[in-house]
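Next come the structures, one after another.
Same chain, two partners: chain A is paired with chain B first, then with chain C.
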Partner chain A sequence: MRVSEHDAAHEAAAQRVTDFLRRRREQIAQRWADAPLFRTVFTVSRDEAVEACKAVVDALAEVAADGRLEDISAPGFAAVRDQLGRTAASRARTGSSPAQIADEVAGLRAPVTELLRGEFADPSAPEAHEAVLTLAVLMGTLRLVVMETALDAGEELIERQRLQLMEVATPVIQLWDGIVAVPLIGTLDSARSQVVMESLLEAIVDQRAEYAILDITGVPTVDSLVAQHLMKTVAAARLMGAECIVSGIRPAIAQTIVHLGIDLGSVVTRAGLADALAYALGRQGIVVPGRPAAGASRS
Partner chain B sequence: MMEVLPRRPAPIALPIGSDADLARVRQHVRLVATELGFGLVQQTKLVTAASELARNTLVHGGGGQAEITPLEEGHRTGLRLSFVDQGPGIRDVALAMTDGYSTGGGLGLGLSGAERLVHEFAIETGPGRGTTVTAVAWVTGVPAPRSGAGPRRPGAR
Partner chain C sequence: MTVPSPGPPSPVPVLALGDILLVTLPGELHDATAEQLQQDITERIARSGATGVVIDISGVDIVDSYLGRVLAEIARTAALLAARTVLAGMRPAVAITLVELGLTLTGLTTALDVDRAMRLLSDPVVERPEAVDRTEGSP
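Our next item is the complex of A and B:
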C-alpha cells in the first residue's frame, strides 16, 4: 500500500511539473535567456536565445510527462541534444571548462524553481516539496545530458585536431624543380604513414617530381612495420614515375635494421638530406660544386 | 629509511592495449636502458625489439602487458623485457620464428628479428595458453656516459 501511495505521489508530482513547464514555458524561457549559458552563446539575437530555451523547456516537459525523470536517454531529449551540444561546444571554444559548463547548466535551476514555488499557495506544503524535488531531479538529468553531449563534442574536437596534426606534421617540400622532400618526424604509425604516402604521391603528381626524398632523421624507431611502410611508399612513388631516396638513417638505426633482417637493398639511401639532394641533382645533371664526398660536414 | 642501495630503475609493468601504449613502452624502455648505461646502438636495438614484441602482443595476442625489469648479476647489468598476453598462443613456434613468416601480412621479421637484437630470448606459448616472450640484453663494452655531455668530438673547439 505504502509503496503504491509513494508511486502515486511521484506520478502526481511529475504530472504537476509537466503542466507547470507547459503553462509557464514563455516565462521560463525569458528567464533562462539571460542566464550565462544562453546569453553568451546567442549574442546576436535575444529572440534566438528565447527560442532555444523554449525548446529545452518543451524537451523537459516531454521527459517529465513520460515519467523518465532520471533517464538521460529519454526520447524527449533527442530534439535538444544537438542544440545543447552546440551550445556547450561553443562555451568550450571560448575557454569554459566542462566543470564551468556544468555549473552554468546547474544555474538554470534556481530561476525555474522560483517560478514553480510561486505556483503554490503554501510553498511549504508536501505537494510543493515533492514538485520542487521532481524538478531538481529533472534539472540534474538535463545537466548530465549537456555534459554527455559536451564530452562527445570534445572527443570530436580532439579527433579533428589529431587529423590536422597528422597533416601538418607531414609537409611535402619542393627542394628543386622536380625534387620534393618529406621530413618525417615522430612515430610512423599506420595512420600517419598513410597520410605521408598520400601527400607525397599528390606532390609528385602536382609538381611533376622525378625525385622524392623521405628524410627519417626525426623518426625515433624503425621497426619492421615502419620499414614496411617506407618500402610501400617507395614502391608507390616508383609507380608514379619518381625515384625515392631515404635519408637520415642514423648509424644506430642502420645497424638495428640489418639485425632485424630488413632488406633495404632496393632502396636508395643517403646519410643526410643534403646528400640525398646532391644525389638527386647529380642525376639531373646538375653538379653541386664544393661538396666533398660522403660523410663530410654540412657547408 | 636509509636507502644505501645504488639507485636503479624499479621493475614496472605497462599495459599494451593501443598504439599509444606501444609508444609509451618504447619510451620507457629507452629511458631505462639509458639509465642502466646501455650505449646508443644497444638502446636502439632494445627499443626496436620492444616495439616488435609489444606490437605482436597487441596485434596477435589481443593486448596484454610489458614487464620491464632491470637486472644485476655480479658485475653485469642488464634489462629483461617480457611481453605477456592471454591470446590464442602460437601453435608452431619454429614456424613463427622463421624470417618472413607472417599470418597477418607483415614482413614476418618481428619475432626472428627481435631475437637477433638481444642476447637471450625465450617464448612460452601454446594453443589457448597465451604467449609470453622474454628478451634479455646485457650492457656490453665500454659503458656509455650516463648523461649530460654529448658525444665527444675530437678536434672540436
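Our next item is the complex of A and C:
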C-alpha cells in the first residue's frame, strides 16, 4: 500500500513536471539561450539558440511524460541526441574539458528550478519539494546524455582517424619496372601488417612486380612479433612469385634482432633502401654503377 | 540430349609445351582429381622427359592444407625425376590464407604468371634467391 502511494506521488510529480515543461517551454528556452552552453555555440542568432533550447525542453517533457526519468536511452532523447552531440563537440573544439561541459549542462538546472518553484504558492509544500526533486533527476539524466553523446562522437572520430592513418601510412610505391616498395612508418601491429600485406600483394599483381622492398627505417622497434609479421608478408609475397627484400635495418635494430634470436635467415635484408633497390635492379640484370664512396671503401 | 554425368569429375588436362608441362587447375578441385593429377604429372614426366612443370593456380580461390600438400608433393616427385616445378599466378587472398595457415610451401618455386614461369624454366641461369644469396657477396 505504502509502495503504491509512493509510486503515485512519483507519478504525480513527473506529471506535474511534464505539464510545467510544456507550459513554460518559451520562458525556459529564453533563459537557457543565455546560458554559456548555448550562447557560445549559437553565436549567429539568439533565435537559433532559443529554437535549440525548445527542442531540448520538448525532449525532457517527453521523457518525463514516459516516466523514464533516469533512463539515458529513453526514446524522448533520440530527437535531440544529435543536436546535443554537436553542441558538446563544438564546445570541446573551443577547448572546454569534458568536466567543464558537464558543469555547463548542470548550470541549466538553476534557472528552470527557479521557474518551477515560482509555480507553487507555497514553495516548501511537499508537492513542490517532490517536483523539484523530479526535475533535478531529469536534469541529471540530461547531463549524462550529453556526456555520453560527446564521448561517442570522440570515439567515432578516433576510429575514423585510426583508419585514415592506417591507409595513409602504407603507400605502395613503384620504384622501377617490376620493383615496388612499402616504406613502413610507425609501430607495426597485426592490424597494420594485415593492411600492408594486402596492399603490397595487390600492388604486386597490378604492377607485375617481381621484387618488393619492405623498408623498416621508420619502424621504431623490432620485436619478435613485428619480425613475425614481416616474415608472413615476405612469405605471402614469395607465394605470389615475387621476391621480398627487407631494408632500412638500423644498426640498433640489427643488434636487437640478433639478441632476440630472431631468424630472418630466409629473408634478403639490406641496410638501406638504396642498397635494396640496387640489389633488385642487379637481379633484373640492370647494372648499377657503384656509388663512388661505397666503391672506394670496398676495393 | 546429353545430361552432365554425375560420376567422377573429369581429370585435369596436362598440356606439353616443348619440354615443359602446363597444368591449369580449375576453380574447384576434388581430392580424387588432385590425386589423379599427381599421378598423371609423374607419369608424363617419366615418359616424355620433361624438364619443367608449370602449375597455373590463378583460377583457384581456396587452397586448403590438402591441396597445399599435393602441390608440395608434385614438386618433390618432379624434382626426383629432374624436373623443376613452378607455381604460377597465386591470388593475393590465397597467399594470405596460406601464410595464416602456416603453409609457406617452402620447397616450391613461384612466379607471378604463366609467362614468367615459362621464362624462369627456359632460362637455366635464373635461380631462386635461396641458392644465390649466399654467394652473392662476391661480384
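Methods note: the second predicted complex is superposed on the first by the 178 of 299 C-alpha atoms of A that agree within 3 Å, B and C clash if a C-alpha of one lies under 4 Å from a C-alpha of the other, contacts with A are read in each partner's own complex, and residues count from 1 in each chain.
Throughout what follows, a contact is a pair of C-beta atoms (placed from the backbone, for glycine too) under 8 Å apart; a residue touches a chain by one contact, two chains touch by 3 or more.
Just so it is clear, the model here is predicted, and its values are computed rather than measured.
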- Task: Using the superposition on chain A described above, determine whether A:Ala99 touches chain B (first), chain C (second), both, or neither.
- Result: neither
- Item | Partner chain(s) touched by A:Gly241 [first = chain B, second = chain C, both, neither] | second
- Message: By the touch definition at the top of the document, which applies to A:Gly261: first (chain B), second (chain C), both, or neither?
- Response: first
- Query: Who does A:Ile253 touch here: chain B (first), chain C (second), both, or neither?
  - Reply: first
- Message: Looking at A:Leu201 after the superposition, I want to know if it touches chain B, chain C, both of them or none. Which is it: first, second, both, neither?
- Response: second
- Touching A:Val287 in the superposition: chain B (first), chain C (second), both, neither? neither
- Message: Touch test for A:Asp189: chain B only (first), chain C only (second), both, or neither?
- Response: first
- Message: After the superposition on A, what does A:Glu210 contact: first (chain B), second (chain C), both or neither?
- Response: second
- Task: Would you please give the residues of chain A that touch chain B in one complex and also touch chain C in the other complex?
- Result: none
- Show which residues of chain B lie in contact with chain A when the two form their complex. 19, 23, 26, 30, 40-41, 43-45, 47-48, 51-52, 55, 99, 106-107, 109-110, 112-114, 116-117
- Message: If we count contacts the way the header does, which residues on chain A are in touch with chain B in the complex?
- Response: 187, 189-190, 220-225, 227-228, 251-253, 255-256, 259-262
- Task: Give every residue of chain A touching chain C within the complex, in rising order.
- Result: 197-198, 201-202, 204-205, 208-210, 232, 235-243, 266, 268, 283
- Query: Where on chain C is chain A touching in the complex?
  - Reply: 87-92, 94-96, 98-100, 104-106, 110-113, 116-117, 129-130, 133
